[in-house]
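Next up: some structures, all given as structure tokens.
Here chain A shows up in two complexes: once beside chain B, once beside chain C.
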Partner chain A sequence: MVRGFPDLSGTPAARIAMQNIELILQGICTGIMMGLIYALIASGFTMILGVMNVVNFAHGNFVMMGMYLAYSLGVRFGLDPFASIVVVIPVMIIFGATVYFIIIKPIQGQPQYAQMIVTLGLLYVIENVVIWIFGGESRTLNTPYTTAAIALGGVRLSVARLLGASASLVVLGGLFLFLYKTDFGRAVRACANEPESAQGVGINLNKVFYTAFGIGAAMAGIAGCIVMPFQVCNPTAGIPAVLKATVIVIVGGFGSIPGALFGGLVIGIAESVTSAIWSPAFANVVVFSVLILMLLWKPSGVFSRG
Partner chain B sequence: MRESRSLRPFYCLICAALAVATVPLFVSSDYFLTVFISVLYGVYLCICWNLVFGYTGLFSLCHQAFLGIGAYTSTVLYLNHKLSPWLGMFVGAFLSTALAVGLTFVCYRYRVKGLFFGIVTLAFAFVIQNLVMSWDYVHAAVGISLVQMDAPWDYYFMERSPYYWIILFLVVIALAVTFFIERSYIGYYLKAIREDEDAAEALGVPSSRYKILVMAVSAFLISLGGTFYAQFYMYIHPENVLSFGPMVTMQVGTMAGGAGTLLGPVIGWTFFGFFDEALSWLPIGSLSTATITRITYGVILMTIVIFLPTGMVGLAKRLSVILRIRSRRYSGE
Partner chain C sequence: MNHRCNAMKNGMFKCAGTLLMAALLSLVCCVESSDAAKEIKVGIVVGLTGGASSMGKHAWNSYQLIFDELNGMGGIKSMGGAKVKYMVMDHQTKADIAGSNAEKLIRDGVSVIFGANFSDAAMVASQVCQRSKIPFIDTTDGDVMITGRGFDYVFQTNPNINQLCDGALLFTQWLGKKTGKAPKKVAILNAQFATGYAGFKYFEETLPKVYDVVFKTTYPTAQQDFTGIVKNMKNLGVEYVFQFGMVADVIMITRAYKEMDFNPMGYMGVSGGHYNIDYIEGLRKDAEYTFCTSYFTSDLKVPKIKDLVAKYRNRFNLDFDATDATVANGISVLVDALERAGTDNPTKLRDALKTTNLNVGQYWYVVPDGCKFDDKNRNVKQHTVTFQVRDGKQQAVYPEGYGSIEPVFPIPPWNKR
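Now for the complex of A and B:
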């Protein structure tokens, strides 16, 4: 026993933990992998939020679009979802820039509710366009590695999730390099911090906004592709995804990419562990509870910039 | 500028309602009556949401949850406990009100405003929808089909006209509530909260109390609408009373007509409700029609927010000002 630390070994939590130690370990490992993928989604979301102060409710639907793109390419051309990323990136960048031009730019100055309703409208439109094209049923894409898993100790690591998590890390690393090692990345960060001063030193705010939105959409699309091998996709996947991204961003701090990573891991692990011990339905409740807890404790997030 | 305190608009409302109430006497076609009923139902939803969003500025995305709670409560109480929906309707309404008060209070207590409030209400509605979808007691994702009931005292009528009058009555009640709130001191408080909550608080407006009040009233009313939906359409399912669909209806109708005005939701949804119906006459399959309708609504919603945020009522006001200036210019000289 650690001196000074209360003896928790008799508590119900400890009992559950000791009975289910293997489940918990499994949950943590899956959670880390899923957490990295969630972090990818949340990074795009938080970047758009940080750079142009827009809550993109349709972000979950961008992910869903990535999933359906991967699905179509997989079914039509037999492309592996990870290979589809090559196609998805430019498509989503263009799509993101278009969305910005048509919808977000006109409401930049207006009160916050305007931006919320507009992105909600976009959410609704995308969801129904997908239903129109693909129908409302769920789709899956089976790859050679969908059910493969590596056994490590007592834990089974799903290969699909492992690949997905690695891809997320790569993309997040690329984002980090872009934001911190390139000039344009510095411009993006400047706009996120101080838009007026950034304009004052000659940064083209518009170009930054287009790029940020495009990159955010692209990251969502990539996340959608990554998730396709092991996830069922249906048109209604948008709202849960964006709610999760919102919780992550609230946990991690608005506009903070490291915060998105941290928040993603937290949510991923929490969700997986509760899924393992109780049930997947309960995991939703847990995520919602994390949201409430964060709002009570520190609404600006753990890595907030104040 | 002192606003008119006369009850004239209210009398006009009553007369208009009486006029509209005579429609079933002339129209005997079930189809048209159903169309009118569904339009009135949409109008009712918009009026309820307008109270919270238009007047108070609360971006509440959970009203569809209250709708669903009303529908499910009265239905389940009838099917399992033989409680007449006329009474079950109030049980559902009180349940919704309690939840609305709780949610708003928690948001007040932890200073959840604006954007956060929207997110929390969206999450709340999502949780409720998921709860119902996985709860077998309320038939989960299968939905509940109401059996043919027998009697008016069980909130069931063989004809369409009684339903028409019930929903018209509900609309009039909701409009009356809105009207009397708008012209009272509560209305001023709500508008102050909408415009600048901190400034309102600084002037002594107890914003939390009135936000809770308006959410409670709105939730109560919209719950009654939920029971109406169940009793008229005889089939409830998480997709048609708990999903984001009704919320889009509320948003489109209110924003298109003019949020924060008395007649805005009425005009807005009357227009789109009939437009919706007209779309269904197009020669495409019904699933496509439903989907295309929804896509159109989403696009319209975005367009309205970008180009006409004050809605049709706002447009009408602007036009009337322009016309007045024009007429003054031409008559003065």
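Now for the complex of A and C:
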């Protein structure tokens, strides 16, 4: 209490003000956690877009595949979704590389609409294969921390989201180091910036492309594992994920990992704060308004390569 | 003389031949007409593939079980033991296909069509039936517009979404009186889907007459975070929550209740996601004490349920669920109408359906109190059924006298479970 001022802390007005502050803080904290996870989902999408100039609409379904893999490993072997990442990474890298050779490579260099149609087709193929294997029912994985929370005053932080956000940050950091501190990462960036020149100095474009597609798919698979403790998995779970990834990439910048991080945080916070203080029904209005504003102001995104 | 005798003989033979021919012809006609009487063609339009296939397959099982049992028991007695010949068509969870299914069945000569376990499909199929003056019996769909268009050949044997909302409200009021602890501040949560919207709108009109609605919101079906909503309800002191949602949303909402340590006196789903068995499987112990108002639970204290559940399990190795129950009710209504009408003439059948007054336990009717149609052909006699999740099962608590357990209310806080 400040000396000389009356103590208003116990009044209804003060209580309501405090509750509103807590509500906004709750929205910001949840938004940061979700934003980091969104950034991980968008990182694979933006990498494939940046390196190969392919808009992979099936990327959200790669996330959904990661969820189903984590679910299956959890149900069959009792593996925690975070532990299942170790299995999911190689599976998704192989899957991604295979998809590249069978579907993406033949259409590289074709008009962009052809690529979009092919990846849209892939989206529906994956969705229907998953329905065929698992059925259309919703699946959940209950872990000891699924509904656990840490109370910080009036704000409660979900342990599952906190773990997911931390893991996303670690994976994004690892991806950043890989791209900026390793020779292969430099080769990937070179291919993204100047593919002809990169080929001219002896970089194997084909190898870079299938590796990048595999890594992109693995990022999505990891994100699927991370969200499984607190999300419900079903065959249509991939579509909202790819929509969100698209918005994040447009906001953050095509092909940029820091851009994905920035875009993820902007979208995550905007969505959660709007949901908390206004209405979840308006969260998408705010998110897509951000998208429209970005397209008008800087169509290539904040962290674009120019 | 011989000539006359021969002529007489010839005349007698001719006469006898004619009589024999006439007798044979009338016998053939009799056989034909009695064969015709022994077969009543019934069409079924359900989704055996696509998004509604899970319900559609259940419904189809129930149609087979009950029509076969009816035929085995001697068919429709007032029609000389006429048997039902049922024909199914798959609408693939697509409304336009449901329309062409109905047209095909009518061309094939059905006297009545059942459907459609998907409101959009029911809307189209029922329109086709109305145009062709063939009775359409909707067994399961909740859309108020199915019977809200004034079609006199369209009947809805199941409660529509408004009737479900009324049921949920009646139950909550009853709960308050029974326990002496009535909630005052309530909230309405709604996922953005057609039936949910209709129910939300209805609750917006009806709930404020009884409770103080301090919070109401809609959310997209792909919503991934509910902590903001729950924090709001906690801040506003919400004591009871009415919800409409898909199963994925309502699982995440209940998880958010626990995560945010939100402890209202109770929360209830109006059919939808809370009714889906995946809700209990997905939440396990956290699903306990949830209320849900829906159509049916297999533990209702109603005659014939145990027998029907056992027969269904034996034949299909599945649990007899609400979809199956609604089909059983619908078929009971048809059998009753056929028995009273004594004919499968569609117009006479429509008239008989209009005067239905069936009690629970009659034929295969398994939901209290039975069926009686109002002037819009909506069933105004059937109660909704409310259950509470207890010991990992949906256990009926309402209507009073039919429930298998007493409700726990207020529900225990999360830290005392």
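Side notes on the structure shown:
Keep in mind that, in the parts below, the second predicted complex is superposed on the first by the 285 of 306 C-alpha atoms of A that agree within 3 Å, B and C clash if a C-alpha of one lies under 4 Å from a C-alpha of the other, contacts with A are read in each partner's own complex, and residues count from 1 in each chain.
Heads up, the rule we're going with is that contacts are C-beta pairs under 8 Å (C-beta built on N, C-alpha and C of every residue); 3 or more make two chains touch, one makes a residue touch a chain.
Since we're looking at a predicted model, the values are computed, not measured.
The superposed arrangement places chain B and chain C in clashing positions on chain A. By the touch criterion defined above, A:240 reaches both chain B and chain C. Of the two partner chains placed by superposition, A:44 touches none, neither chain B nor chain C. By the touch criterion defined above, A:96 reaches neither chain B nor chain C. Once chain A of one complex is fitted onto chain A of the other, the partner contacts of A:81 are absent, as it touches neither chain B nor chain C.
When both complexes are overlaid on chain A, the residue A:116 reaches chain B alone and has no touch with chain C.
By the touch criterion defined above, A:23 lies against chain C but remains apart from chain B after alignment on the C-alpha atoms of chain A. Of the two partner chains placed around the shared chain by superposition, chain C is the only one that A:146 touches, whereas chain B remains out of contact. In the superposition on chain A, no contact is made by A:263 with either chain B or chain C. Contacts of A:281 after superposition on the shared chain: both chain B and chain C are touched.
Note: residues 239-240, 281, 284 of chain A belong to the chain B contact set and to the chain C contact set alike, using the contact criterion stated above. Residues 53, 57, 59, 61, 106, 110-112, 114-116, 118-120, 122-123, 126-127, 130, 134, 244, 248, 251, 255, 288, 291-292, 294-295, 297-299, 301-302, 305-307, 309 of chain B touch chain A in their complex. The part of chain A that touches chain C in the complex is made up of residues 19, 22-23, 26-27, 30, 34, 136-140, 142, 146-149, 151, 156, 158, 230-232, 234, 239-240, 271-273, 275-277, 279-281, 283-284.
Against chain A, the residues of chain C that register as touching in their complex are 51, 53-54, 192, 217-220, 222-229, 231-232, 235, 247-248, 251-252, 255, 258-261, 276, 278, 281-284, 286. Remark: chain A residues 55, 103, 106-107, 110, 112-114, 116-118, 120-125, 128-129, 131-132, 239-240, 243, 246, 250, 281, 284-285, 288, 291-292, 295-296, 299 touch chain B in the complex.
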